[in-house]
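Next up, some structures in structure tokens.
Common to both upcoming complexes is subunit A, partnered first by subunit B, then by subunit C.
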Partner chain A sequence: MRIGLGVAAVVLLLAAPAAVGDPFIQRVAALVLLTAISASAWNLIGGYAGQVSIGHAVFFGAGAYASLLVFKLFAWPPIAGAPFGIAVSLVLALLIGVPTFRLRGHYFSMATIAVAELIRIVVGNWPLLGAAVGLMGPAVPRGLADLSFLSPLPYFYIFAAVEAALLWVTWAMARSRTGYYLRAVRAGERAALSLGVPVLRYKLVALLLSAGFTALAGSLYAVMVGYVDPESVLGILVSVQMVIVAALGGAGTLFGPVLGAVILVPVQQATNAAFGGSGSGLTYIVYGAIILAIARFRPGGLLELLHWRPRRAA
Partner chain B sequence: MILAQVIVSGLLLGAVYALFSSGLTLIWGMMNVVNFAHGDFVMLAMYVAFVAYTLLHLPPLVFVPLAAALLFLLGLFVYAAIIRHVTRGPMLAQILSTFGLALLLRYTAFWIFSANFVTLPDTLVGGTVAIGGLRLQAARLLAGAVALVLTVGLHLLLTRTALGSRLLAVAEDRAAAQLVGIRPDRMQGLAWGIGAASTGIAGALIAMFYYISPTVGESLALIAFVTVCLGGFGSVPGALLAGLAIGVIEALSAYLIGAVYQDVVVYALFVVLLWFRPQGLLGQA
Partner chain C sequence: MSAVLSVQHLAVRYGDLVGVADISIAVPAGSVVALLGANGAGKTTTLNAIAGLVPPAAGRIAWQGRDIAGRPAHAIVAQGLALSPEGWRLFVQQSVEQNLRLGATVLADRSRAAAMLERVYALFPRLAERRRQRAGTLSGGERQMLALGRALMSDPQLLMLDEPSLGLAPAVVERMYEALVQLNETGLPLLLAEQSVELALELADYAYVLQTGRTVLEGPAEELAGNTEVQRIYMGIA
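Up next, the complex of A and B:
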């Protein structure tokens, strides 16, 4: 019965953007899913493993740049760059993760932000990558492989498929040995170590999965938007977006990042539409306040709030 | 001669880095919390100096202590209102609380002052001084000297006074300190106050010659992280040496490679340190 209801709800949600027919709403729906993908990917390491990355933009940017770079260099369809972006991300993840996962949690956070800034500055001065101007995708679609559509609907369905796959991976991971180990690590690293959990290895597994999917999200972004520059895909605000979406919905829960995206993306689109460029500053004041408030009062995010009430009543 | 000039101005800026990094290392050593808003505290102090000078025409002799006092209060407030409640929570809460605070401060400044870079006039602290063939900006010289004295002063406060002993006792073992009648909450709050005051002074000092912008705190925070890691966590003398070293490294890389890469060199140094010597140059393995 519950499964039947769930399936019906998912089918309804998937059909809704097509039924609405308004391209603006369809675009927002697609952006919600794209945001949910990167936040779900962040959630693997930040939520499940409890290792807070505040530089995930570096993985997102790797995917985004790789996509448009293969187009610039070889005239390949941008999505063909995704594997390269993922590969670069995995290397960067090892570079950050191997040394810091032996240290306490802060070091990982500091290293992520330092590497993200380092890469942003280097990319912003590297002519091959378009320096400060960035890279463009195909001006006109040359075929279906370019995945360049006028309507936001195809993107909505592509993103939905990717997010479904990512949620399945997350669910499978959480139920596997890796998931149990990660929960132990998050609850208390020293205790986990002394019980013989190979902490370093499992944190790395979570980080690599997370980095790979974040790079894929970056590639999808580049394919849809057709344009990248250092600030829009490597800036600290890209990392902030992932953190806040996951933490608002509920870090370390399966659907938390989705809930966060459903709430935040429409709000962000509305404030941008209402205030224009000057609204972005205000948006991030509010983001800062939300992150602070969640950390201070409700580290479990909104999903925890929903789960709590029935148990207390019972 | 130019090289000597570059190295000396690197040392002077490095002394200011050492001052605010000492604040970070004090907080970190006291309670194992990294203040991700540390750079934004410095930014705030820079704007305190800017507003005090442009609106109220206050001289550095007034606005530096003013920034120190305001940031001291901010530090106490942040500890009482936020940090005290998240230290026993999950790591996620600890990191996100100061990171959220950083964003809040940064974009509030952005909203009030806009993204434009501003500077205080060069003439604020009378032009340049010639010392042994080197021509140094008087403001940089003053900032470097004051920062050096205060960083050494902080070290003496921690190692030579009863208050310092109480602070270090809490850093070493919170529960044991409580048993001998020290209130850990007070000491930790005080550490936040002192740590933030160090950013207050440092920020007001560099405001005399550095560009002021809402996002300046991001790179300053990273500089403080590198300084603390290089100097060894919790160590003020380590932070002093590391701050000076990083000032010189930055100045040399700006001179030899190009100004846009000066931060890249410092961040790369951070990654190299994490790989090969995470306990810092002075720390024990």
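Up next, the complex of A and C:
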């Protein structure tokens, strides 16, 4: 019964954008899913392992830049750059994770910010990567492999498939031995260490998975938008958005990042539409307000509301 | 009497801060050894260094003849050294049984975990009664039992206990110590850090008194029990 209802709801949600027919709404729906992918990827390390990265833009940017770089250099379809972006992300994840995961506390968070900002500045001055101007994708689609569509609908379905796969990976990890240890690490790293949990190894596994999927999200972004520059894919807002989307819905829960994206992305699009270019600073204010509200009222995220029950009178 | 664990001239630094300056201790097979001293004397740091939770700056830690100083914590637990940490550090959101099972992390053979679980439940029937309950709902005494049981799950050959009596009611402490005696009678050597000198000396065969990171006094427990110097050092009076 419950499964039947769930299947019906998913089918309905998948069919809805096609039925609506309005390209703006279809585009917002696609962006919701793309945002959900990057937030779900962040959730693997930031939510389940409790290691808050504020520099995931570096992985997102690696995927995005790799996609348009293979087009620029070899005229390959942008999506062919995804494996390279993922590979670069994994290397970066090791470079960040191995030294900082030996430390407890906020060192990892600080290191992620530092590395992401450093790389943003390097990329912004690197002519191969278009420096501050960025890179462009194919102006006119040369074939299906370019994945360049006028309608947002195909993107919506591609993103839906990727998010479904990512959620399955997350679900499988959470109920595996790795997930069990990661929960222990999040609850008490010192205690987990003293019991002999190889904390460093499991944190690295979570970070590598997370970095790889975040890079894939970056590639998908570049494929859809067809343009990347340092600010749009490597800026700190990109990192902060993943944290906020996941925390808003519920970090460390399977569907939290999806819920967060469903709420946040339309709000963003609405403020952008209402204020246009003059309101670009507004995003920061909205993010700040959301951080305050989550921290003050619902540290577990909105999904926590589902599990909340009024206390029974004695 | 051969020592299973021997620590020589151990030093631990936290940046510029000296946690332990020069500590040498030995734990003979099958014995109970107590580390005594006031807060900040270096008891916890010493245990943490042996367990691999903090890296030693100098000194040798020999476990069954092999130097383990500076090895990662999981490798040390796997060699049979278990620590029940100060303040228990339970996973309060998880059930009693899940907490215990996490203690069996290093056992290569999973079927042994079930056998260890039975052993712990036999030692602490109260934990068996509460196996499905969240650890956060346990009383202080039950939490100490759980921390101890969890440390036992790795089937250790030496059990280290950091302040097992801290914050517990006297009757509960009494039962705790009975359990420790039972464990020791099976041949398991114990190394405990304890602020409560009387209790520790009652249980221990041998004791070391630490002061500001150094071993300042040592001897058989009966001798130290009659030593007025111990009380003076323990109180931290210069």
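Here are some notes:
Rule of thumb we're sticking to: the second predicted complex is superposed on the first by the 307 of 314 C-alpha atoms of A that agree within 3 Å, B and C clash if a C-alpha of one lies under 4 Å from a C-alpha of the other, contacts with A are read in each partner's own complex, and residues count from 1 in each chain.
We adopt the following convention: contacts are C-beta pairs under 8 Å (C-beta built on N, C-alpha and C of every residue); 3 or more make two chains touch, one makes a residue touch a chain.
Here the structure is a predicted model, which means the values were calculated and not measured.
When the two complexes are overlaid on their common chain A, residue A:Val225 makes contact with neither subunit B nor subunit C. Look at A:Arg190: by the touch rule set out above, it reaches subunit C but stays clear of subunit B. In the superposed model, A:Tyr181 lies in contact with subunit C only, and not with subunit B. Residue by residue along subunit A, subunit B and subunit C are tallied for touches, and B comes out ahead. In the superposed model, A:Val243 lies in contact with subunit B only, and not with subunit C.
Contacts of A:Ile121 after superposition: subunit B is touched, whereas subunit C is not reached.
Looking at the shared chain after the overlay, A:Leu153 reaches neither subunit B nor subunit C. Subunit C meets subunit A in the complex at residues 51, 53, 72-74, 76-78, 83, 85, 89-94, 102-103, 105-106, 150-151, 154. Per the touch definition, subunit A reaches subunit B in the complex via residues 46-47, 50-52, 54, 95-96, 98-100, 102-107, 109-111, 113-115, 117-118, 121-122, 125, 186, 236, 240, 243, 247, 251, 281-282, 284-285, 287-296, 299.
Note for the complex: subunit B touches subunit A at residues 28, 32, 34, 36, 82, 85-86, 89-97, 99-108, 110-111, 218-219, 222, 225-226, 229, 260-261, 263-264, 267-268, 270-271, 274-275, 278. Taken in their complex, subunit A has these residues touching subunit C: 180-181, 183-184, 187-188, 190-200.
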